[in-house]
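Should a chain be cited, it is by its letter among A, B, C and D, assigned in written order, with residues numbered from 1 in that chain.
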Amino acid sequence: MEPILQTQNLTKSFGHLMAVNRVSLDFKEGELTSIIGPNGAGKTTLFNLISGKTKASAGKIRFKGDDITKLAPYEIVRKGIGRIFQITNLFPELTVYENVRVPVLARKRETSRLLSLDRSLRDVNEETSRILGLIGLSEKSDITCNALSHGDQRLVETGVALALEPVLLLLDEPTGGMGPEETDEMVKFVRGLNENRNITIILVEHDMRVVFSISDRIIVMHSGGVIADGKPDEIQADERVKEAYLGR
Amino acid sequence: MEKSRSIIWGKNRFYGVALALLALVLVPFFLSDFLVVFATEMLIMVLFALSFNLLFGYTGLLSFGHAAYFSIGAYGTGLFLSRVSPSLLLAFLIGIVFSFIVAFLIGYFCVRLDEIYFAMLTLAFGMMVHAILWKWDSLTGGADGLVGIPRPKFSILLATIEFSSIPGYYYLTLVVVGICVFILWRVSRSPFGLVLKSIRENHERVEFLGIAMRRYRLGAFVISGTFCGVAGALFAPFERSIAPDISFWTKSAEPVFMSLLGGTKVFFGPAVGASLFMYLREIISGYTELWMIYLGAILIAFVIFLPGGILGFISDKLNAGRRGT
Amino acid sequence: MDYDTFVLFFLNGLTNAMTLFIIASGLSLIFGVLRILNLAHGSLFMLGAYFAFQFTHWFGSFWFALIFAPLVCAAIGIIIERFLVRPVYGIHITFQLLLTFGIILLVTDLVRLFWGVSYLTVSESEVLQGATSMLGVAYPKYNLFVIVMGIFIGFLIWFLLSKTRVGKMVRAASSDREVAGGLGINVPRVYTLVFAFGAWLAGLGGVLAAPLRSLMLELDVHTIVEAFVVVVIGGLGSIPGAFIGSFLLGQLNAFGTLYFSRYEMAFMYVLMAVVLIIRPHGLFGERIA
Amino acid sequence: MAKKITRRDFLKVSGIAGTSLIGGPALLGLSRGPTRAWGATEPIKIGGIYSLSGVVAAWGRAARMGSSMAAQEINEAGGILGRKIVLKFEDDSVNPEVGARKARRLVLDWGADFLHGFNSSGVALGVVPLLEEELKRMCLIPCAASPRITTEAFNKYVFRVHPNCYQIGAGSAAIAAKMPYKKWTVIGPDYSYGWDSWGAFISHLTQRRSDVEALEIQAWPKFATGDYSSYITKLLGAKPEGVYSSLWGGDFVTFAKQAKRYGFFENVSAFMTPAGLALDSFSALAIKRGKESEMPEGLYTAAHGYWFEHPATERNKTWVGDFQDRYGEPPHIVAHDAYGLIYVYKKAIEKAGTTKTDAVIEAMEGMAFETPGYSRVIRKEDHQAISDVPWGYTKKAPELAGFLGAMRVTEIKDSTGGEIIEPLEDVLERRAKKEKPPWMKFIVKG
């Protein structure tokens, strides 16, 4: 089967620093892959490259066979690649409802409607309410996001991801700053996305417990390059990884 | 619960708008000519401020060059009326189309920048428009501007309406501003308006929702500039003479203050701010030549005590009340 | 263009640039450290000029004004910082502009109250009157004095920021307020100090500009717009940027007047637009968050 | 302590202040319309719009002084048709938009019966159309001098009781024609007054002297520029023999100080300014507590049409004495003309026997009147006063130390009003065609 996402010699340099250095990876449809590595290994830059936030210095990115290297972020999203950010990244003064509604509108290509009142698009409204139900925030739909707890804000983030109905989802530290209970919830949720909705997921995560419990595959990055790539048990056994990353 | 509240609110709003409209229609019957003239100018500035705020309060872009579109609307209309044909409708169209084009050209470059750099680039373009209006004297009359712009009759089918009288022009302004404000209000409540608000909140994130952020910014810029052009188009026959001063950056600063005074995040905030700003300026300057001291003190006090603007403050209170119940 | 014309216009541009630089460097410094866009900087400039008038009038000495007027401006700067700016640190840029514009209005009317609405003029010290030979052309001594002062101020700022302990504290406070606080630096005091120094620079610019032009109430807004343009061209917060920006604008004004005086009023805006379209954060600017 | 002022306190205080500030006038504004008084005992309201702030504030101040003095004299002598005069002044901030707002306010709110005003021709042009279309009030202009106000922009409500810059320019051409200098250029503000002033001068001069040349290198800085040094060096580079400058007010003062530094006045043989060297510039250029002046000798000026020491008639001397007693300084040109215009209103209203606008307009057309210095006639067709225009040059005068900086205008000669006014047929033609004046061809903006 052809890989859903493919990077070919992908490179990004900031001056002399090679943040991502000739990285070639294939991601299969339906797979849940984690990318790990010490700080500065290039994980976030890789995400930025895939999602179009930064432009590659060299190399190519292909999604379902199409070259997306030079596309703008919004075009990449429209192709079906969604992203959830490391730091909660919502619209703080908009309500929960509105935060979820914007991506629904975007996916349904209704955002350029100039004169229709926002209450009038029935299918958009139903879809938004359905997603709010899924993330369990129907009760709080009229509250602005900056008034939510951290955990609820992460939930809204996931709601946004659902609203986009991505084929591939980039998750940047989804459990960052969460307590153990919230983390378990999140793990369950991510696994649900992967298994029930068949969304391909790439994950950057520091919590090794999470990584090893949910990943189909783990990629280890170090200094901009890939040093290991395999199933969780293979990675656990890999000496180089222990040396470079696990440090024991 | 949700529904019943929105119906009540909706009803209240309907009555409120109807009442305000009725009051506005009756203005010439109860107020002196001066106040009618003043109200006409106020309406024009309300439209100026509201359309400016579509970009500022909704999209989060502080433009310091909106006098450009205002003055292009005014010059386009004024030139057409005094040089080509005394047809008000065509003249308005010309003014509006020109401000649309100019807003598009300028906006194309500006929407790439953020924050203060955006503000400074709009200032730069605004002042270039100012320089052109000033220096292209064969067309614009140079520093003297256009003198003696006629206020022609307005003919629809068989009816002819006289606009040269003070109440006549007031009603014309009221109708045009009313229509524009309604359109702007619909835009602000539309999916497009919601996208603008989300751009204001977090313009980088919007891109990652699959939205071509700059196009929406440009859209907001052009709509905002065009409606400023409508305000300008109304202004030219209102003033009878227009000079390049109306494109100077101090004119661009006016809607900024008006919006901030009234509250940028509430649709009608800038309207309240515009009325208050003009009223204060007119009233204080009637009492003392030192009106700037008062205006300055009011501005400072606002920033320190009421940063949300007047309507912002009131709606905060209302929301707090609602949340409390 | 012959040699004489070139030198004359170059020196004109330099005079213009140096008064601008003295003002703009203060504006940029305040932004760099306090993250405040201070429109009232123009008011302090205007006050400097009016104090120059008052002090030369009272004491009959331009030198006296040159020393004391900027100090009075610094004192006023401290008052503004303590009572008006400090309560609102961290507010959105638009509110900073609104607040400091409020100060402009206040100061304009206070100046109107004390000095009236007529324009006033200030004479330079007699030592600086008349012309002298410079690079082969006769050039006004006072303009040369302004050029020298501008260069001196440039060095002074460089020296203070990079060679003194206070300067290092200022730089620490500008890069990260919390870290600086953690290092035991009294951040609010550093802020006040920087604001006062900026006000001093504005006042000095005012005194130096006073003999070059007539004093009138619009002085503040005219100046602040020019200073802002310079600072944005150079990049907000960058002192070398302010220097280059002033230099470019000064020369453009001078030679532009020679060749395209028709569009004189648009020069600085065209320059700024070109710079911003090519470099969205100015020549030496960094992205601001 | 400062923190103790809470938002609530602020709201309370500002609420009280706000109600008194906003509420009071609002109620007044609602109940009060323009009170147009016809009754014999009601005062006659005359509203003035001048530049009371900004770079030419001294000129607005002078207008206020002159007209107030006249009004007080008239009131002490029993008023006009037995009715007192009330004056009110508004500041146009040298901005046409503000000027229009103030004119509306004076007529529609305060209920002015008559208007006068305008220091700047730019403001005048902005307001004049409103007089006809909306306000229906007369306006007498004592200062703004662009001929366009009484030609292209003319309507029956506007009168100029003062020589316009065509007349002043024609007068200056007569003087310049006698000079040996052939190469002339200009530095003037970039608006109608600046253009027309130079245009009138140079078109007359070239008519009189075919060997005179207007240089292509000219300086047109915008009004209130502040820095003229590059314009000065530019003009010097063109090596003109004569320079005509239509700068005025603070602009002229700034220019003069900067020009002096560059040795400008030594390098040009003749320097003429119609309005730059009026009384206000003398006082602004005074240094050393008025014992000296920064202004050189030998600069020609019309002082915009009046210098207080001229003409040396008893009437003028007495008036200047009265003025000085009252205000402690000699009268500025605008004080003279603003004083005169209140008497013009008196004469016209008495002639008409009513304050009705149309009747007063009719009375005024063709009317002769006196100012302290001059006898003038209002030309019926274009409402422009026919007036003599003085020209003299600056000279040191130690006896005038103090306010004037020991300088005066000397050897003043008047050119005859009838000879220098723009021919009526030209005026009427331009008015009909709404054309630009023919002298615009002499304006080169580079």
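Operating definition for what follows: a contact is a pair of C-beta atoms (placed from the backbone, for glycine too) under 8 Å apart; a residue touches a chain by one contact, two chains touch by 3 or more.
The model shown is predicted, which means the values in this text are computed figures rather than measured ones.
*Asks:* Treat chain B as absent and tell me which of the other chains still form joined groups.
*Replies:* A | C, D
*Asks:* Mean of the CA atoms for each chain, then the mean for all of them together: which chain is nearest?
*Replies:* Given all protein C-alpha atoms shown, the central chain works out to be B.
*Asks:* Return the chain whose centre of C-alpha atoms lies at maximal distance from the corresponding centre of chain B.
*Replies:* A
*Asks:* With chain centres defined as C-alpha means, what is the inter-centre distance between chain B and chain C in Å?
*Replies:* 33
*Asks:* Counting in whole Å, what is the centre-to-centre distance of chain A and chain B, each centre being its mean C-alpha position?
*Replies:* Each chain's C-alpha centroid was found; their separation is 41 Å.
*Asks:* Measuring centre to centre with CA averages, how many angstrom lie between chain A and chain C?
*Replies:* Whole-Å distance between the two chain centres: 48.
*Asks:* Calculate how many whole Å lie between the centre of chain A and the centre of chain D, each centre taken as the average of the chain's C-alpha atoms.
*Replies:* 72
*Asks:* Which positions in chain B are in touch with at least two other chains?
*Replies:* In chain B, residues 134-135, 289 touch at least two other chains, as defined above.
*Asks:* Can you pull out the residues of chain D that are in contact with at least two other chains?
*Replies:* In chain D, residues 52-53, 222, 445 touch at least two other chains, as defined above.
*Asks:* Every touching chain pair, please?
*Replies:* A-B, B-C, B-D, C-D
*Asks:* What residues of chain B sit close enough to touch chain A in their complex?
*Replies:* 183, 186-187, 189-195, 197-198, 201-202, 204-213, 216, 219, 223, 265
*Asks:* Across the complex, what residues on chain B touch chain D?
*Replies:* Its residues touching chain D are 30-35, 37-38, 41, 134-135, 142-145, 147-149, 151, 164, 166, 239-243, 245-246, 279-280, 282-286, 289, 301, 305-306.
*Asks:* For a test of understanding, state which residues of chain D touch chain C in their complex under the given definition.
*Replies:* Residues 2, 52-55, 57-58, 60-61, 219-222, 224, 226-227, 229-231, 233-234, 237, 249-251, 253-254, 257-258, 261-263, 280, 284-285, 287, 294, 445-446.
*Asks:* How about chain B: which of its residues touch chain C in the complex?
*Replies:* 56, 62, 109, 112-113, 115-117, 120-121, 123-125, 127-128, 130-132, 134-135, 249-250, 253, 256-257, 260, 289-293, 295-300, 302-304, 307
*Asks:* State the interface residues of chain C toward chain B in the complex, per the touch definition above.
*Replies:* That would be residues 37, 84, 87-88, 91, 93-95, 97-99, 101-110, 112-113, 221, 225, 228-229, 232, 236, 262-263, 265-266, 269-270, 272-273, 276-277, 280-282, 288 of chain C.
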